[in-house]
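Next, two complexes with chain A in common: one pairs it with chain B, the other with chain C.
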Partner chain A sequence: MKKILIHDVTLRDGNHAISHKITKNQIAIYAAAADAAGVPIVEVGHGNGLGASSLQVGESAINDETMLRIAKENLPHSKLAIHVIPGFATIEKDLIRAIDIGVDVVRVASHCTETDITQRHINYVRDRGKEAYGALMMSHMASKETLVDECQKMESYGAEGVIIFDSAGAYLPNQVTDRITELKNNLNIPVGFHAHNNLGLGIANSLAAAEAGASIIDGSARGFGAGAGNAQLEVLDAVLEKMGYITDINFYKLLDAADIAEKELLKEIPRIDSLSIISGISGVFSGFSKPVERISKEYNVDPRDVFFELGRRQVVAGQEDIIIDVVSKLALQKRVSNV
Partner chain B sequence: MTQTQKELIHNDCETVTSGLISRLDSLKNERILITGGTGFMGTWLTELVAFLNDNHNFNVQLYLLSTHSHSYAERAPHLARRPDITLIERDIRNLTNIPEDVSWIIHAAATPDSRAHASDPLRTVDVIVEGTNAILEYAARLPDVEKILNISSGQIYGAQPRDLKGIPETFIGGLDCSAFNAAYPESKRIAETICSIHRNQQRLPIVNARPFAFIGPYQGLDRPWAINNFIRDALLGGPIRILGDGQTVRSYMYPSDMAWWLLNILVQGKVGTSYNVGSPEAITLQELAEKIAGQFPKPPKIISGLSKDKALKISKFVPAVDLAINSLDLKITTNLDTAIKRTILWNQMAIQ
Partner chain C sequence: MNPLKVAVLGSGNIGTDLLMKIIRSPYLECSLFIGRHLNSPGMNKASSLGIKISDLSIEAIENNPSCCDLVFDATSALDHKKHWPVLKKLKKKVIDMTPSGIGEMCVPALNIEHCLNFDNVNMITCGGQSSIPLTYVIGKTQCDVEYIEVVSTIASRSAGPATRINLDEYIGTTEKGIKMFSGCSNVKAILTLSPAQPPIDMQTTVFAKIKKPDIAKLKEEASSMVRKIQTYVPGYQLVIPPMLESDRVVMMVKVQGLGDYLPKYAGNMDIINCAAIAMAVEYSKKYCNITNGVVS
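So, the complex of A and B:
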């Protein structure tokens, strides 16, 4: 039976859903529950990863160091992982300290066509003897051939696996199958998939990935993540086991962890609201939902128009400051057409 | 660099040259220019020449051309400070004010680091192609050039068929010129062609060496090759992590053998001929990881990223070296077990 390595991103991607305001207590409680369930890898941090807390993408309630220390204390068995986007996180300022604190796994991420920027970070992680993975965000924006090129670069840098992110929740299952198959055929390292549920396909796409050969699948408790959330971890585990995959996770305890997450972490259960669907259809990063909603309301602009315009401009995570530009232009157009 | 490390290098040089010194007599009192002189290969060539100067009165003057001369003094101060070594900091593509009393050239400029090839392929191509052209145009202006050794690469053969025990120099092979990692091997191929053109048109006495894989002192454990990473993982307490399924086949030559072979090819190699330089002792990465783990009192765990049944591409990179062995009477003096032991020892001393 094929083994699937589950990466639990609840305490990182879920941080998007609460505007990066996760607390020490929430981290401690959920990390301990995930550890007890035997979740192999638990990712923790600001939604955009290490060093990303800022006015531009949202300030964390607690700093990276505190988050990682609390998580480490509550993960006696599971590996502690971080998401690192070079630029947000630097080696000197952030990565050295994170590894000193006890991070075991580092997923070095970039926009799917910009993997060149990951080389130094991957090298550093490998030099410290830690596990380094490459993560390609907004992967729906690149062709499968381009993804192969980019993943081969990451493999050459020393990545021990690559994970393609459906950051906008834009994939259909056949597109996932297509891309994962191509990657499997051209790489010598494990391939993974990170789903978002904007079009209600988080689980279906994750299964498509597994069936196409992906051996790393991301999920989060109750789907707690940006936009419409991720593949719901406890559902994912259940259906993977039902399909004959092994995850080595204690299912009952995983359900307990999900209940704890619902009670302690979530203000509301992630749902596919209208904006999430628009985000998926327009191919815009799920994490844009909250700022788009807020700014559109302020300027009395239809947020759906904003999403489609952002999609037309092919914006990527980290370009949240473009929202205000788009909104103000749409507001101006609206005023002109009303005159 | 510690005294023990220096002694280790000295012993290696002694072993490899033992009873054979006279083969290199034509280098006595000569001037040798090594491009890429401060890299791994250049450093070992320098160690060997320094050994010949110190112990056998060769009186060779070395010019080491490199873009990293400034950091060389830190990495190898015992070499950088020698009076018989001159460091020249220059980009190989822009050769100006280079000494004209050079009679032997070893052209080794170009990084074999696959990360650099992936990140900046155009620069990779530029340095190799323009650099080779520049050094040969310089050589053509020299009044007295005895021999030029062009350091090519074993990668020019392309993928090695699984059933081919070792790649001979006659293997035509084939490269996928559009592959993401094609920049380095394709450039090395065109560099050999450039050498061939200069040999034909300028009558330059050029011989090629095609290096494969090496392991030993001076090779950073952060370099992106399996054996370096395995040793680093083991030194860090493990686990040793194999990317892929462990069935990849490689071979590794110890660098004192490499340096000796290269100097012999320079002196004795037949103009217009290409010689493979490497070890024919093939080993899978799984076996290699076990060998390295076995060197430690508490052998680290070995883990693989892929299951064997899912392995799609099993690569092999092992040379046939009969040409060098038979025509130049060369041999391997340090086997893989000893090479691994000495590399671990060297790095342990460096860490301490």
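So, the complex of A and C:
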């Protein structure tokens, strides 16, 4: 039977859903529950990862160091992971300290066509003797051939695996199959998949990835994550086991962890609201949902128009400031057409 | 009166674009264009323009010290650390395009006259040139500035291999510049590469947390600062004037390049080069005493 490595992003991607305001207590409670369930890897941090607390994306309620220390204390067995985007986080300001605190697994992420910016960070993580993976965000924006080129670069930098992110929840299952198959055929390292549920395909796409040979799958408790959320971890685990995969997670305790997450972490259960569907269809980063909703309301423009315009401009993660530009232009057009 | 004789060290995109700007300036004359390989695109371009070229790197200047009075170093931070002791000994003025952190940090709109007193001036970073003048305006007009953040987005195609591998240095150098000119010690710089096709112009957003922001005053001073920058960077425009959004002070500029050697969207390369040329022209005015040059 084939083994799947489950990577739990509840305490990182879920942070998007609460505008990066996760508390010490929430991290402690969920980390301990995930650890007890035998979840192999638990990722923690600001929604955009290490060093990303900012006016651009949103300020964290507690700093990176505190988040990582609390998580580490509550993960006696599971590995502690972080998401690191060069351009936000630097080795000197952020990564050195994170590894000093005890991070075991580092995912160095970039937009899917820009992976050469991850080289130094991946090198550094390997030099420190920690596990380094490459993460390709917004992977629906590149062809499978381009993804292969980019993943091969990461492999050459020393990445021990690559994970393609469906950051906008835009994929259909056959597209996932196609890409994962191509990557499996051209790489010598494990391949992974990170889903978003904007089009209701979080679990279906994760299964398609596993069936095509992906051996690392991301999930989060109750789907707690940006936009419509991620692949719901406890469902994912159940379905994978039913399909004959092994995850080595204690299922009852995983269900307990999900119940704890619902009670302690979630403001609302992730759902596919109208704006999430638009985000998926327009291919815009799920993390934009909250700021698009807020700023559109301030200027009285239709957030759906904002998403489609952002999609037309091909914005990527980290370009939240463009929301203000788009909204103010749409507001101006509206005033002009009303005159 | 003769124009100031300058050499360009480094025949990559930055160096070659600088050359085109030097040729256009009546205050400057490029007496030597220096690289490492005679067949690089930059060297070919220089040759085709009738410029004297050399593939001997820094040795070209050591071998013939009288070839120039000022050197633009458009190599890398690491190389500049080796070049500077040599150039210092030869008493050359140096404009450093790399984030080496050696020279006096220069933003022409803010401290060009002050920089005339230094033999080595550093042009910080592209994001620094576009954002620092606005952060200076924040520091000048506002009380209790708690935090400043600048976010630049540049077209992926305008970021060469050196930029990509040096994102950490870009961030460190930009943050150092913001702190120095704004007087705010709590700052953050972010850089994003945009893969959009057709490529987007460089865009820089400045955010700030200010206890009691005076937006009217900020608007007035930011507009006049933008006009000042436009005198040496024609494609610099304020697209979102200072405003308040969710307790954040926000303003946004766009930088379109002149399209000399690089496409117009590469405003990031254009702004740092325009700033360097402005500095060199100032040296020329001081040392060569031209007063009525006309920039064509």
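Points worth noting:
To be clear about the criterion, the second predicted complex is superposed on the first by the 339 of 339 C-alpha atoms of A that agree within 3 Å, B and C clash if a C-alpha of one lies under 4 Å from a C-alpha of the other, contacts with A are read in each partner's own complex, and residues count from 1 in each chain.
Note that in this section contacts are C-beta pairs under 8 Å (C-beta built on N, C-alpha and C of every residue); 3 or more make two chains touch, one makes a residue touch a chain.
In this text, all values refer to a predicted model and were calculated from it rather than measured experimentally.
Within the superposed three-chain model, A:92 lies in touch with chain C and out of touch with chain B [touch as defined at top]. When the two complexes are overlaid on their common chain A, residue A:295 makes contact with chain C while staying clear of chain B. Contact with chain B, but none with chain C, is seen for A:184 once the two complexes are overlaid on the shared chain. Contacts of A:116 after superposition: both chain B and chain C are touched.
After overlaying the two complexes on the shared chain, residue contacts for A:131 are found with chain B alone; chain C is out of touch.
In the superposition on chain A, contact of A:316 is made with chain C only, not with chain B.
Contacts of A:244 after superposition: neither chain B nor chain C is touched. On chain A, the surface patch touched by chain B in one complex and by chain C in the other comprises residues 116, 119. Residues of chain A that touch chain C in their complex: 54-56, 86-88, 90-93, 111, 113-114, 116-117, 119-120, 141, 294-295, 298, 313-316, 318-319, 321-322, 324-325, 328.
Of all residues in chain A, only 2, 116, 119, 123, 126-129, 131, 148-149, 152-153, 155-158, 160-161, 184-185, 188-190, 213, 215 touch chain B in the complex they form. Listed in rising order, the residues of chain B touching chain A in the complex are 114-115, 117-119, 180-181, 221-222, 224, 229, 232-233, 236-237, 241, 243-245, 248, 305-307, 310-313, 315.
If you check the complex, the residues on chain C that touch chain A are 147, 149, 151, 153, 156, 161, 164-165, 167-168, 171-172, 188, 190-197, 200, 203, 205, 207-209, 239-240, 245-246, 248, 250, 252.
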